[in-house]
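Each structure below is given as structure tokens.
After this come two complexes, each holding chain A, first together with chain B and then together with chain C.
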Partner chain A sequence: MAGRFLKYAFIALLLFPFAFLLMLSFGRGWGYPHVFPEQWTLENWRFILESQAGLGHSVLLSLLVSLGVAVPVTLASFWVSRAVSYSPYRRRWLVLAYLPYVLAPVVLAACLQAFFFRGGLSGKVWGVMAAQLFITFPYGVIFFSGFWNRRMQAMEQLVATLGGSRAQAYIRVLIPVAREALMTCFFQIFLISWFEYGLTTLIGVGKVQTLTLKVFQYVNEANIFLAALAGCLLVLPPVVLLWLNRRYVFSGAGGR
Partner chain B sequence: MLLHAVDITKRYGREDVLRAAGLHLQSGEMLSILGRSGSGKTTLLKILAGLEAPDSGQVFLEGRDISGLPPNLRGIVYLYQEPLLFPHLNVFENIAFGLRLRHLPRQDVNARVTQLLDNLELPGHAGKMPHQLSGGQRQRVAFGRALAVQPKVLLLDEPFGALDAETRASMQVLLQQITRQYGITGIFVTHGIKEAIVVGSRIALMRDGGLKAYETIQAFIDDPTTGVRDEMDFWKGLS
Partner chain C sequence: MAIKPSLPLALFLALAVLPLLLGLGYALAYSLGIIGYGAEGLTLAHWRAVLGSAYFWRTLAFSFYIALVTISLAVGVAMALAVAWPRAFRRGSLSLFIYFPLAIPAIVMAFFIFQLLSGGGLVSRLSWQAGLISGLEQFPGLVNDRWGIGIILAHFLMAAPFFTILFARLYASERAEALVLLARTLGAGPRQAAFRVVVPVLLRRVFPTIVLYGLFVMGAYEAPLLLGRQTSQMVSVLAVQKLQRFNLGDIPQAYVICLAYAAIVLTLAAWLLGRERARG
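Our next item is the complex of A and B:
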């Protein structure tokens, strides 16, 4: 009985922030001593569709940036990580891959800003995506370095002696075997990009308004209802990805 | 002569692993190679398969120099101690793997794989995934996958090393039957003297980076440096 109570209490504790955000996103006017907002309205949600500088644009922009970073980085880091892992200088390369994490993203962005400005990438969506590569790509390389082990190397060699080319080894064995790792890496890089604030703020110079930046903007303006709405939108894609991961990756239902 | 390797040398750092090692293999012959751990057996097999490059020396297959040929074009299959079954494919697809790479017609693939499943005593396991098989069954599937592509030479690097004694004994007999049935030419690397004699039609000893091949098994037994006499005396002493 106590166990069940604790279980539900834990679930309620986890869900409370999300439920609270959702409630606030439908509210207007919330003054002391009211427990709930004084008005309930769909106006905040209508704002997503109607306002030109509204959240709809930011949602699409965030999706573009995160997908545009996560897809190529996952594939490229899978491939590059193989070269790093089988290199005689594996350890040195991996130490280099950890270097971007020595600095906070904002400090890294400050270091990069001059180069991006000179390259005409400052304030551009492409610029923000390129800047995010500095933290996501090394992450992908580190992530996959555990995948490329002696067993994988032996499997790749086996495919070769069975008559398969390098491309056939990738398509028929390595990618199917790495499916879960690829999905997990994609998911994590998507999240890193989705919630990225420091680099996006400095390299985007306020012109690339991703959803994460919008949330902070509304919070700074003390607009709690729009901040709650943006917060709801912010957690939606990660929740969908989490569900997809559970449904198709970790359950093993997606393959075979 | 089907396979001929001449003056193969290989050095890792300061260590000479292979020193002008050479071998020859007639068609249908199974050469057992014995040697201590680190004696260079695996390196030699990998060089023959094209998975490692020798520092010097040449490999000839059917009289053709294949030293510069990539492994996928040599027609030499290298099997590891581990079966290395592809975990995302079932038994049938694992055996059919090499045939799928060659884009063979479906009927041919089905016929060849079904026959191999029968010969390897795996008829009821076609739909099973690798994790549902025992160690011996996995190794049989690995053989089937190699035999399906009809390699010119089959290289077996301690394939029974991870099996228990009983399974190991039955696998030795099965391998002997299968290699005779399919006329397989191969090299079998092992630590076990008995296993080398059971499986091989000829025996060679790897020592100090070189390979000493014996023309007959009796010649191998008679050589006092192989240690076979000592082992035989030990067992005789017990009885």
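Our next item is the complex of A and C:
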């Protein structure tokens, strides 16, 4: 009985941030010391559709950036990680791939900002996507490094022995076998891009208004209801992915 | 098997290594006064200014303290949960809901903590309703505070579920249950079996992840930006603020901070992970 109560209390604790954000997103007026908003309204959510508010635009922009990064990075990192994984210097390459994370993406962006400015990419959607490539691509390579193992090598050898070409090995064997890992990597890279703030602010110089920037903008404007709404919109895709398959949010290609 | 790695490896170098080298190289040249606005030739003045400033070292120490406290708390709680309820996080409703905090980005978590713990936040309101305080000014400062409580809590709420999932998975894959049974058969008590057998096995397997996550928290930007304060900043926030100030003379110092931070973090990572590797 006590164990069951503890379990439900723990689940309630895990879900509390979502309920709290949702509450604020439907609220208007939250004067101290009220625990709940003074008014409940759908107006904030209607705001998404209004073109002047820019929140709907930010949702579409964030989707465009995240999809535009996740698709090519998943495919490129799948291809490149094979060479990295089978290289005699595998460990060294993988250490290099970890560096952008160890240094912090925002520090990397600070060091690269001048190049983007001179290349005319500063403040542009393309620039933000290119910058995100520099942190998501190494992640993809690390992700797939668990996939390329002796079993995959043996499969490729079998295809070659049976007269298949390298392209056939990819199309008929490796990609179908890697389908689940490719999906997982795609969604995880989508989420890294979707959650990105520091690098996007620096390279986008505040002009590329993705959803994360909107949250910060509304916080600065002390509009907590729209900040909560933008937060809800940010949280929605990963929650949907969790319902579909929790591996999409937390897992490596080797199933770890 | 013949592998022709040249083209994909070239792409790897172009996308993963080159940006890093270019960025660090540019930062180094700028910090030494070789390039950039008002550059007057090779100088160590900016390095001296930053490395001689007590504020920089305080910022670095504060970042290290935040990372250390966050990771210690998160790993401790996650380990306790995974060892106390080893099966709960592998099947049933908890095994799904424990993933939910991972769906919250840092900026949203920081906003949530602010609305929860600030003077006008939910906890303050509940305290007023319960008669514990009679105004928001009586509520203790838990965000934008000296000790970084808000920053620590925001990162703890993201890190603890992550490590709980990791430990629960390892508990199964390392066959910890069998190890506990064996220890108990050999006369160990439940606590001894947990602390002398299971915890060391799981900690050892997760040590590299703990180090990397700790460094990630040390370089965190979003949560300190919303929940930190001017007098005790984290290093990423300080570097970006110096870079974005109207005073162009601050830019070389921003690059010095980035480079010094990079050197310290890489040394720390190499030392901690190298030592672990040497131990086998």
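The rule is simple: the second predicted complex is superposed on the first by the 243 of 256 C-alpha atoms of A that agree within 3 Å, B and C clash if a C-alpha of one lies under 4 Å from a C-alpha of the other, contacts with A are read in each partner's own complex, and residues count from 1 in each chain.
In this text, contacts are C-beta pairs under 8 Å (C-beta built on N, C-alpha and C of every residue); 3 or more make two chains touch, one makes a residue touch a chain.
The structure presented is a predicted model; accordingly, all values stated were derived computationally and were not measured.
With both structures placed on the common chain, the touch criterion links A:Y86 to chain C but leaves chain B unconnected.
In the superposed model, A:S165 lies in contact with chain B only, and not with chain C.
In the superposition on chain A, contact is made by A:V177 with chain B only, not with chain C. Contacts of A:P238 after superposition on the shared chain: chain C is touched, whereas chain B is not. Between chain B and chain C, C touches the greater number of residues of chain A. When both complexes are overlaid on chain A, the residue A:L15 reaches chain C alone and has no touch with chain B.
By the touch criterion stated above, A:Q157 is placed in contact with chain B and with chain C alike.
Once chain A of one complex is fitted onto chain A of the other, the partner contacts of A:V71 are absent, as it touches neither chain B nor chain C. In the superposition on chain A, A:L60 makes contact with neither chain B nor chain C. Common to the chain B-facing and chain C-facing surfaces of chain A are residues 157, 160, 256. Touching chain C in their complex are the following residues of chain A: 7, 10-11, 14-15, 17-18, 20-21, 24, 32-35, 76, 79-80, 82-84, 86-87, 93, 96-104, 106-108, 110-115, 133-134, 137-138, 141, 153, 156-157, 160, 194-195, 197-198, 202, 212, 215-216, 219, 224, 227-228, 231, 234-235, 238-239, 241-242, 246, 249-250, 256.
For chain A in complex with chain B, the touching residues are 151, 154-155, 157-165, 168, 172-173, 176-177, 179, 255-256.
Per the touch definition, chain C reaches chain A in the complex via residues 1, 3, 5, 8-9, 11-12, 15-17, 19-20, 22-24, 26-27, 30, 88, 93-94, 96-109, 111-112, 114-116, 120, 122, 124-126, 128-129, 136, 157, 161-162, 165, 169, 212, 215-216, 218-222, 225-226, 236, 239-240, 243, 254-255, 258, 261-262, 265-266, 269.
Partner chain A is touched in their complex by these residues of chain B: 49-51, 70-80, 82, 84, 86-88, 97-98, 100-102, 145-146, 149.
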